[in-house]
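Heads up, the next two complexes both have chain A, just with different partners, chain B and then chain C.
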Partner chain A sequence: MRGRNLERISFFAVFLGLPLALYVFFVVSPILQAFYYSLTDWSGYDANPGFIGMTNYANLLHDNLFWTALRNNAVLAVVLPVVTIVLALALATLVTVGGSSRGQTRGVTGAGVYRVVSFFPYTIPAIVTGILWQQVYSPQGGLLNGFLSAIGFDNLANTPWLGDPHLALGAIIVAIVWSFVGFYMVLFVAAIKGIPAEIYEASRLDGAGSLRTAVQITVPLIRDNINTAVVYMAILGLDAFTYMAILAPTGGPNNQALVVTQYLYSNFTTAKYGYAIAMGVVLALVTLLVSIGVLVSSRKQEVEL
Partner chain B sequence: MSQPANRGDRRVSVASHTVLTLWALAVVLPLAWTFFSSLKDSRSINISPFALPQVWRWDNYVRAWNTIGVARYLGNTVIVVGTALVLVMILGAMTAYVLARFRFRGNAFIYYLILLGNTFPIFLAVVPLFFVLKNSGLLGTYQGLILVYVAYAYPFTVFFLHSFFKTLSQEIYEAAQVDGAGDWRTFFQVMLPMAKPGLASVAIFNFLGLWNQYLLPTVLNPNKNMYVLSQGLYSMASQQGYNVDYGGLFAAVVITIAPVLLAYVIFQRQLQGGVSAGTMK
Partner chain C sequence: MTDVTQQRTQAAAGPTGRSGVQRRSFLKLTLAAGVGAPLATGLAGCAAGGGSSSGVKTVAGQAKSASNPFGIDPAAKVDVVIFKGGFGDQYAVDAGKTYDTTWKGSGLATVTSTTKINTELQPRFVGSNPPDVIDNSGADSISFAGIQDKVETLDDLLEAPAIGFDGKKVKDILIPGATDPGTFNGHLLQMNYFYTVYSLWYGAKLFQTNGFTAPTTWDEVMALGAAAKAKNLSLFVFGGQNASSYYHELAISMAVRQGGKDVLKKLENLDPDGYSQEPVQQAFTALKKAVDAQYFLPGGSGMIHTQAQTQFVQGKALLYPSGSWLENEMIDITPKDFAMTSLQVPALGASPALKTGFHGAAGEPFIVPKGKNPAGGKEYLRNMLSKEAATNTSKLVKSATVVTGTVPEDGFGSTALASATKIQNAGLKEAYDWRYNTFYGMGKQIVTIWNTFLSGGMSVSDLTTQLQGLSDKVKADPSIKKFTVQ
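What follows is the complex of A and B.
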């Protein structure tokens, strides 16, 4: 039995000890350090940064640029989930139950093609999506302005979509929505297919129209999937770093598309480490609150049902 | 049984097709435009976005591949993402297996510690992480980037494989034990092959996640010769002025998009099963 024991020790060391050591070294320890260093004036390559308590956080409160960035993140965290999910849900409904209802309730013909095509953007890395839309929006020969002038909107065809402070954030939202709708559509299609067909039959016999069926039957039955989507898209809205790096370098026109992650990164590159880390802590707390908030509100909804 | 389709039904069907077709066009047109632009010279991209290429400039691809350095960036990406993917699948499966199948003190604590890493955004850790790598001499090395990729994909991997290993049959495990297989052999020869469907979905997600990664290499991989694709493309697209090689840029974008898109189209049946299985528990 001695050999068995030795084997088990080596087994645990390699199966649990090794990966955990890696995880603690690269993930847990930087997170713990972050909480400490956010209370210091760490900058430059100072080996012993001074402890300054909550000063960084107090400075954040008075930093207009930080509030601008946080406001833009809030817009993204609300608009991205709403628009993405409404679109994805509408498309998923059309694909699964939007067909001619001769006989059984069913989807449109060629549903598979629509589903496969919609998923294309999800296979593209975020930075490449950014580059693609940077070119689509380009005032010199971009696809969008070319399209607008082709259909007769010549007065709009010179719009600098990413250069106009009123338009930049909206234009970026369109790009991000474009890349995620198909993914959530595929998830919702799978969820809707899990709903027994009889429920839709019954609803139709009761004379419910398509829209009412979608809102009153589909949505409550796939609520879990929708909540997951809300959390993921809201978290994406609180990050958005990669898209902004291309579509709104240095925060876009008048910082109208500046996000916290970008501001954090620029403080990091100018060696204001303590301040940058404090922003990271705030961002992490906001992210946690949003996730918990969605979770709690979804529990409440379940009780009401 | 079949009833005649009434006019309302047909109207719904036509409306559905119209909306879905418009959406499909919104997806496909930018991609098609990118492809055609990748075959034009930079000047005609700027002048007439809709015209088909007059001369098909395949040399854009040659320039993207060699001069712009897509070949090198792609090579770096394959090394880093490939190695990290293999490592994180092995290490993640091992941890998930131990936590799902063995009862010992601290099991729940370790599980929640790992979940925690899935909860916090990377931005919380990124500045200290930079110095962790710098101080251990791993900054700007393949090994450093690979280990970081492994560590950050690890919580997700453990989380999903944990529930998968829980569902595997206890009898087969016991049978292997009775046959005298040790812990190592039981895992590699009995349990791991049974977990293949779960491993496949998690591997697809990890691949897309690591292939997509931009923040970590930007902070931790400053050496231009070691850039991964996302960094290389960024540095190219963020150049300003009149000397941007748009033809080459579009070609580089197509080279980046095409392999994964083609793989998706070929394997989409298996993949979509994996997507819903992976995200829905």
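What follows is the complex of A and C.
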């Protein structure tokens, strides 16, 4: 008995205790530390920061730039998931079940090639994506303006896509969507492949068109995957630092593309670590709430196959 | 290459100047930092160390003397960390060899370099184990406000004998005003090593081909703009995304040249009328005329500084305001015969108060933290400021240092260095500089405001109100420590 007990204890110690200890040390404790520093006036270089209570948070309330940044993040957190997922779903449907309505359910001709090609952008690091699109959007000789003037829109030839307050955020969203659509398409393709073909055949026999099949058959059956995608894209929208740092280095025209992470970072560079960390804590809470919100709301809608 | 530029642009662009493409490298290393930071500091239980400020052993030195002004231990190592930007690090490695020669050793000064000054050294400051010399530059530099009380004063460096200048002291061999940007409350805390001339720039070859002459007054600038337009060229180009503030620098510089150094006093002291002063208004109005005449290359608001400068060296725009780092920054894509040349900022009116004046500032701050071997750190700086090392540096990086008389007339073959040195030598007595925009961290907002103005979306009075608003806000905030200029 004793031996088995010991075995159990050592089993727990190795498989639970050790990971737990590592987790506490490397994940939980830094989070708690960060929260503590958000209550101090830490410059970033002192060993003994002064405790100032909630002052940093109170200052955040009155910081217009912070609210502008948070608003932009909110826009990203809503628009990015919606646009990316709609596009990814459409593509996934096309390459799996969107093909000829005769015979076996299949994708459009050349589906394999499209699947591979649309995954390419995802393999490019975010930084490179940013630089690439910066060149695409260049008002002088950029690909986009060149294309527009080639098809007759000469008056748009010098449009500063990243320099116009009305266009900047939208232009950046396009770049981010471009880089993620392929990945989520592949994710959805895998999910759709898991749906028995009989279901599609039955719905086709019942006379459902492709749009109706996609909305009423595919979406409910791969809802879990869609929810995951929503959470990931929303979190990306709440961060977006990499893309913004390249495409809107100072927050864009009139701060229309400023995001919290960017504003937070600029406070690191002015030795206001305490204040910056307070922003980080707020952002972390917002992220947590959004994730919980998405997952809880999805729970009620699960479909049993 | 842009890294160093950005840092040195601060006087013009402010903190945002550094935020351009440079963050790329920040991002690349976030992972490294994320892994490194807990290892370096996490073991102490918390990132700030909880007050373990003990543990630094200062190297025991020798008695101070004329040959050993800081009383160093000649055998002790000096730990030097250099920002490896547009200037590279060879000049600093060579200065280390000068140190070895002076003290008859080898490898005494260990010079390492990085682009991640803050990321790599922040934990060392928290752990009270900083290097002996830091070149605190680049996009990822340490905010000086955070470490101001953790560095040695360099006042004794100024009083020490200069190497290679027969009996002169270090302070006697520096360009006038060279120590101003690094002086805080009367003490020299940063030794700025490179000297930057801010001016307009043009390609002499392009002007020659088109039969243009370099303008000396704003009227001539506007005439040049019309001539350029006739040839389907633009007069100016701006990188609105991160460097529209270069035109703020140009405007202030022209205003000071027109109205004299008193104009700066009001701006530096955050006077409520700072931007309403007549010469400043003249400068703003002048630029507005160029904006309205569409003399700016279209689309500037969507470009970053390197994209704008690419247009400039490709000859699409004739003039560009910048510091003398410009040549180095764009050297890889500048046509060989471009002949980049420095041009004194044009006079706004008939008789400018400062005939030969120019905006000049020392940049690239070197600091000696309170650490293991601060005496050795100062001795390294003394060697770096020696005639031999400074000449070698200018030769290597085609930029002037703060050490006088180390750049020959031909600028080591660089038209940019030669022309900037000419402006510098002619106008040193009337040189001016300011730091309110960087000191109070207004750079980011200045970029945003000027981007809108240069895109044509703002009147002169709006520009004035918004810029004045930045100053007023700082002035009204009691928590911000102010400096005053007499």
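Heads up, the rule we're going with is that the second predicted complex is superposed on the first by the 272 of 305 C-alpha atoms of A that agree within 3 Å, B and C clash if a C-alpha of one lies under 4 Å from a C-alpha of the other, contacts with A are read in each partner's own complex, and residues count from 1 in each chain.
The rule we apply is simple: contacts are C-beta pairs under 8 Å (C-beta built on N, C-alpha and C of every residue); 3 or more make two chains touch, one makes a residue touch a chain.
Note that the coordinates shown come from a computational prediction; the quantities given were computed from them, not determined experimentally.
Set against each other, chain B and chain C touch different numbers of residues in chain A, with B touching more. Of the two partner chains placed around the shared chain by superposition, chain C is the only one that A:139 touches, whereas chain B remains out of contact.
In the superposed model, A:242 lies in contact with both chain B and chain C. By the document's definition of touching, both partners, chain B and chain C, reach A:33. Contact with chain B, but none with chain C, is seen for A:11 once the two complexes are overlaid on the shared chain. Looking at the shared chain after the overlay, A:205 reaches neither chain B nor chain C.
In the superposed pair of complexes, A:291 makes contact with chain B only, with no contact to chain C. Once the two complexes are laid over each other on the shared chain, residue contacts for A:44 go to chain C alone; chain B is not touched. Of the two partner chains placed by superposition, only chain C is touched by A:161; chain B is not. Contact with chain C, but none with chain B, is seen for A:266 once the two complexes are overlaid on the shared chain. When both complexes are aligned on chain A by C-alpha atoms, chain A residues 25-26, 30, 33, 37, 126-127, 131, 134, 140, 145, 241-242, 245-246, 249, 268 touch chain B in the first and chain C in the second. Of all residues in chain B, only 1-5, 9-10, 12-13, 15-17, 19-20, 23-24, 26-31, 33-34, 37, 45-50, 91-92, 94-95, 97-99, 110, 113-114, 116-117, 119-121, 123-130, 132, 147-148, 150-152, 154-155, 182-184, 187, 208, 211-212, 214-215, 218-219, 229-230, 233-234, 237-238, 246, 249-250, 253, 256-257, 260-261, 264-265, 268, 272, 275-276, 279-280 touch chain A in the complex they form.
Partner chain C is touched in their complex by these residues of chain A: 25-26, 30, 33, 37, 42-49, 126-127, 131, 134, 137-140, 145, 158-164, 241-242, 245-246, 248-255, 265-266, 268-271.
Partner chain A is touched in their complex by these residues of chain C: 15-16, 18-21, 23-24, 26-28, 38, 42, 46-53, 118, 122, 125-126, 128, 142-147, 150, 240-242, 297-304, 307, 311, 316, 441, 444, 447-448, 451-452, 455. The touching residues of chain A, when paired with chain B in their complex, are 4, 7-8, 10-12, 14-16, 18-20, 22-23, 25-31, 33-34, 37, 87, 90-91, 94-95, 98-103, 108, 113-128, 130-136, 140-143, 145-147, 150, 178, 181-183, 186-187, 190-191, 210, 225, 228, 235, 238-239, 241-242, 245-246, 249, 261, 264, 268, 273, 276-277, 280-281, 283-284, 287-288, 291.
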